[in-house]
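Take this structure first; my questions come after.
Letters A, B and C mark the chains in the order given here, with residues in each chain numbered from 1 onward.
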Amino acid sequence: MTATDRLKEMGISLPEPPQPAGSYTRAMRSGSQLFISGQLPLVRGVIQYGGVVGGDITADQGQEAARICALNALSILEAEAGSLDSIRIIRIGGYVSCSPDFTGQAQVINGASDLFAAVLGERGVHARLAVGVCALPLGASVELEVIAEIEA
Amino acid sequence: MTATDRLKEMGISLPEPPQPAGSYTRAMRSGSQLFISGQLPLVRGVIQYGGVVGGDITADQGQEAARICALNALSILEAEAGSLDSIRIIRIGGYVSCSPDFTGQAQVINGASDLFAAVLGERGVHARLAVGVCALPLGASVELEVIAEIEA
Amino acid sequence: MTATDRLKEMGISLPEPPQPAGSYTRAMRSGSQLFISGQLPLVRGVIQYGGVVGGDITADQGQEAARICALNALSILEAEAGSLDSIRIIRIGGYVSCSPDFTGQAQVINGASDLFAAVLGERGVHARLAVGVCALPLGASVELEVIAEIEA
């Protein structure tokens, strides 16, 4: 089954790739690696589930935010590679804006990891970093960075 | 002297590679690069030196935590590459859960850097990021990410 | 126009490459990629614009700090590659020490992104991560990590 088939089955249509929030580009290629800029939980330019996980919003809401970041990353991967079927996720970095006593960063970033695995199957399984930070651009609760590989 | 010899001389036996804390894998290969997922100061599944550096624990204790993260990363590198003697450390990212007035992140992450150099010699010297963050998974004081290279 | 010409036109002379702040090296090569260690806003060993963005200093001052980090990264890139004209910036990671209510991390890190584009032109455009953190080494307001590519 292709990634496109899986997305259809899940009832997901990928959004338009978001515009960068500063003087950089959404993705840069180096050899077979594709570096995707940090993605925020933006839907049509508006932050979803903003604020601090463990304060303003719950871990479940943070997980939803991570899932939206991952959808945005997928939209960029598809636009850059032509098709998601030539993509393998290598490493994701998940940054969770959270209260100092919050320890569920792994659970939050599972929202992104699970989506990649659901859409890309084996090629969606990746190495991962998940940390808590004190603030993110535009008041987002999650930011997600991705390194993928384009298979020849 | 091999890495295994150096470990013996230092009286260190590597732990079992820790299990991932979420929906991801412990390591992913891309070309000759090996991306190791963020490692916590876990010993047999239990966080050591938990809490906030500069608050709950001292910089020296944080350095011990970083050393445990590095041992866990080495155990994964050995399991993935078959032998530590084909490994070169390229880049490490050290994330220190700390109080806002703590400025000794470099000293803390030296606990990992020094171990890599001691075990791997020249091949353990690496580029590095060290930052302070407000919270880490499971209440850990340090998280360590590694990019290594497998030499042909 | 070469990078050296552009630097002259901008009235910039690159500093000496800063020394690492711990047990690591300033840069490590892996294939055609060059990993530059986290750079601080150091001028002759002294932190500029120290403190917390959105508290001790303004976003504009943080942007100046990011620019100094980028100059330090360029000095290392030139020293490692021999010439900036064989360098392409792939990915930068910008870490902003900020107050919990600060949301302008993108604006701050533009100080680095804009400098890379001004000096390197098309080859300075990159993928980017920008996050807020609670503390940085030596009390710096910004830390900047760079992955570049050396063109054959």
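Worth pointing out:
Here is the rule we go by: a residue touches a chain if its C-beta (ideal position, glycine included) is under 8 Å from a C-beta of that chain, and two chains touch if they have at least 3 such contacts.
Not measured: the values here are computed from a predicted model.
Two copies of one chain, chain A and chain C, touch each other, and the residues they use overlap weakly: the shared fraction of interface numbers falls below half.
Its C-alpha atoms superposed on chain C, chain B is turned by 120 degrees; the angle is given in steps of 5. The mean-CA centres of chain A and chain C are about 25 angstrom from one another, to the nearest whole unit.
Residue positions 31, 133-134 of chain B each touch two or more of the other chains.
By the touch rule above, chain A contacts chain B in their complex via residues 31-33, 90-92, 98-107, 109-110, 113-114, 117, 125-134, 147, 149. The residues of chain B lying in touch with chain A in their complex are 20-28, 30-31, 35-38, 52, 93, 95, 97, 133-139, 143, 145.
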